[in-house]
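Okay, so chain A shows up in both of these, paired with chain B first and chain C after.
Right after this comes the complex of A and B.
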């Protein structure tokens, strides 16, 4: 590479890069890299939030014991059909990825990623306490399950709604511009405002939904304290809240599709829903991948909706991982244990980030 | 002349700046906009405490009090994070039940030797109040009240069901009698007998605990959980029989259950002392719903009287006492001011902690005060534990699982027993 002409105070490209990157790298190192490794370090200790603040020596190194106490138990065994629901889906997934790869419908990397994910779905739920055994922390895995359920409901919910809205609101009329702004507005609200709005909406006494139900002769549903509805309630609030960004991404994706395709399609009688199915959707594949993976990473970190609307209840049905981490760290002051859970959450989200990276690269090949 | 004015202004600013010692204050109780400084006129916990704080800020020479924004639900998380970060407020309110958690690691200042000089007389505190703020024989806080669960009664609904005698509601003395009363109210008025927050905050837990204590049992003793017991089953079935007969609704949260009571849709609301003045004010309004309001001690359904109780108290962080003498002195002045206004705080419905206030005519003349004089004698709480918050959450979750999700009593008690034992073992 030819060196740039250097004279006086001129910098080389490398020096300029270092200087320009330095502010970011400093902030990144101090506020992200250091706390991350400190978190891992704390997770290896018995570390009481308050006690260590008053006496730095009040912590003890316990190795991986926090991880064991959180994720493992006494007499844990593995069975191929311990929780049939998840495991059968996992098994079908493994076979499907092999089939898709064999028939050439999925690339090598996609098939591998899908295969590993579904294999985990087959293997992990197979662990269960054997005779006389028990999980050391009875609530951890159900909490992980709730978080996955939340992600499983919220991500398709947001993706499909945002995509349909984007398709409907793509255009240059004034009404569409106003509606696009309106649908995006909810995104700028803070979680406290969103949950307040939806707590009022869901209230069985004065809520809009209860009033509508009563108008049609039904008895109001007590959304936030009924076992079957509490999760649905926080998912609905979440979809309403996080539509905006996804919708904008889809709008950008749709506007990227060449108009020629639609004109050509129209000649073959493909308009409206048909055009959406055969032209818009296939061309949005990449955007869909981005939106889905971003949403997965975002919603694994759900906290406010569960904390403020249902307090994790009833019977822990809406208890999610970040809320459990928060309670363990701040209510119970057990920072070590909470950090171990946080590292687990990091591994899950790291996995999805790698998946996004892999899928993104494959398209370029 | 210009120089003189300028100089005088600068000097004044300097002087006030140097003299006004800022005291940061952390509290729950909720927000009150425009509370003013008239401590004798405000209504409700939030406004009464804020008016006392505002008055302290206005009255105390050289002290300015800055109330920090805190959220009720996450108060202790915030306070603990502030302690851990080395920036706790100079004074903060807390419950007696949190004393073991904070005092065991030396977080709270030992005020024993400084109270008299600050104008606080510990010998005026009721013995139970002194005990509430004592840890290992040292005083680590200034008590503000005793509070407890009461039965707030709609006398009109009770009368319609024939459950009023000499102007006082007749309360049940056994679970069976409670069911009879509930049926009578429902038949006569179509309304529920009992409402409480069984769905969110741990009011339902406090009801169940009271009924367990009334049988001479408790949920743990020492390091041993004792939840899965016949006494707990009796207590739970006393409550669930009302839900099963549709004479009470377990799905109402705090706001909804309170609204149901104020709308005249429930004869009894189980809630604390902190709402007596508010309900009295609501009953006095000339509208539909609650009109004749009575406050009763929590009834004895089993062998001995017991109701859940706790205390609010004020504390100063130990690091402040050790490192910042000026702010510490100012903080003590604020606590003395709050202590002097014990009668104003008692207006909420809370029981006062100072014997001079308890014996005063002004205190006896507070609305409804003579209706729950028995509560002080039956006030109870679980044994002291640094894990109080987590244990309450376990009970809240499992009890709610019974009445909200149909979890079997056996499974819920077994799980609660295991979880609380885990917490005690940690």
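Right after this comes the complex of A and C.
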């Protein structure tokens, strides 16, 4: 009897899995899957936030009109040299990835990813309004450009700084442990605190940086309102803020390298910088890939730094995509158009997520 | 090519001294094996020769150069690591040529030397592979190839065979021996396996707890050990020891009914001693008594009999492979007194 009773409560592995996963799946569906599809659905409507809030029927289906109004314009033409700077770099990149793949210096996936990225760099800036034409939304593409510039500066900045710090702070001394903690500490601060700290740092009157420039006889830069410096200021604050995680990942990667290799290196006359270049760096390849892709995904979503430090200014030079989406949706109440931009951002980040997934599975050649 | 001289070499980690003033002379072209149980300091001593561990005091000379304070790369040594320590991101050829590349040797010369080493070690078909795509034995050969390419004055091997399976270990042992014949350079080889030591060495250095117990040619150590430790360490299976003492100017060994005269000058009465006899120098007397045969392992060529005395002491005896002895017999033992050794129980020193 007791045996039958017990079997009545026994779950198969599958049932147990379903029950244990159910809470997560419910939350995931309600707060992520549903809003995601709702967002796409909104992007296909002319949807004013205020109007729809008061009258749920005050929306009209417009198909892909929102996407057109955000990304396209009147009389848009394409020229191979419309934006020579980007397009030449893009062209060189395409050729370089083909060359690297042919000579076997880059793997298939790496070459393909690099090829696609540089091809886009060649194709996309070629679009421009022809005679008498104009973009429907003059601010969108410059905002995308600013975001890419921000990512392009912050990601290498974080990666290189974090890697050098990790190499310097790898070790068992107490001082190194303390410094590791200190460098990681900035990571736990909220964006509000970080931007406040750096606003003070960049302040032309009492800021540390201004004091230093004055000490050496320079005149202080008004970082946050000077067109050439505002983006740099945001990037610097961001690097300081997001150094910690990258540093920890690099430390883990470095500690994974067998000490024997450095001893073999010492016998082969590869010590110090040579050891870093010939032994540490090649063995960190995987960690570098992970860090770079994670940082790209993270920094495409930049919002707080731009919003709190410069309000997108001066002259829109630090306006970034998420902040533009936010303003379009909640200041201008254009929820449909904002959703279309958000879908655009999703496509970019989805692309990088897939890239990371593929690179993570790629076996070493 | 040159010999290696250690003079009063000491290594301390903080307050803990692990190498206690070692003096050693390794001749040019000699194959010298450091052997001892784990923790005896043999690896540390070799790493001090390599420069991977700092020498706390004393001096190390290679050839005529004092290398005590030189960087590892300037000492003219090359090393094979236990884990091989191949650079995983480089091909076999790059691994072998890396040392020369770092020392600014021109590419054609590197390629030539790598090709030469690959020929010696039969690595030519593998030159473009990465270490991951190699078997254990192949990795081992690449690690050796890397040292050959460097053309060092002294080759160092740090337990190079311990990660290989038994069969491959024998093959590689033979290869290393023939490599030494071919190249003729000074080699230092660390192992805890006394079979490797016996088969490879011109000179064995037996270490224990950071001190040299004895230095000598393999068979000299086997025939003429200085103390109980060396006697027990060299030879396989290990020497048997029976404890006893000196009573009224004669030897008294409780496990043995009658003790043959060893022809030695015995110490004073009451001194505790140990009688050592190798398994291969003992014979079983099936009609005798005093010992119980617990188990006999018949390996075909040879058999090992495991006995215990009435005193509880255990013995191993090597005997005829097709022996008709069986388990659980009561037997006696006989031996040639000239083949027996006597040690002071307290210090382990041999009485001659």
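Methods note: the second predicted complex is superposed on the first by the 355 of 365 C-alpha atoms of A that agree within 3 Å, B and C clash if a C-alpha of one lies under 4 Å from a C-alpha of the other, contacts with A are read in each partner's own complex, and residues count from 1 in each chain.
In this section, contacts are C-beta pairs under 8 Å (C-beta built on N, C-alpha and C of every residue); 3 or more make two chains touch, one makes a residue touch a chain.
This one's a predicted model, so the numbers in the text were calculated from it and none came from an experiment.
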item	value
When chain B and chain C are modelled together on chain A, clash or fit	fit
Superposition-derived angle with apex at the Cα centre of chain A and sides reaching chain B and chain C, degrees in steps of 10	140
Comparing the two partners chain B and chain C, which touches a greater set of residues in chain A	B
Which superposed partner A:274 touches (first chain B, second chain C, both, neither)	second
Touching partner for A:266 - first (chain B), second (chain C), both, neither	second
Partner chain(s) touched by A:314 [first = chain B, second = chain C, both, neither]	first
Chain B versus chain C as contact partner of A:145, first or second or both or neither	neither
Partner chain(s) touched by A:282 [first = chain B, second = chain C, both, neither]	second
Touching partner for A:258 - first (chain B), second (chain C), both, neither	second
Which superposed partner A:54 touches (first chain B, second chain C, both, neither)	first
Where chain B and chain C come nearest after superposition, their Cα distance in Å	50
Overlapping contact positions on chain A, where the chain C interface meets the chain B interface	none
Of chain B, residues touching chain A in the complex	73-74, 76-77, 80-81, 83-86, 101-102, 105-107, 199-200, 251, 253, 256, 259, 318, 387, 389-390, 393, 397-398, 400-401, 404-407, 415, 418-419, 422-423, 426
Residues of chain A defined as touching chain C within the complex	258, 260-261, 263-264, 266-271, 274, 278-279, 282-283, 285, 364
Chain A-touching residues of chain C, taken from the complex the two chains share	50-52, 71-73, 77-79, 81, 83, 85-90, 98-99, 102-103, 130, 132, 146, 150
Chain B-facing residues of chain A, complex	48-55, 58, 134, 136-139, 203-205, 222, 224-227, 308, 311-317, 326-327, 330-334
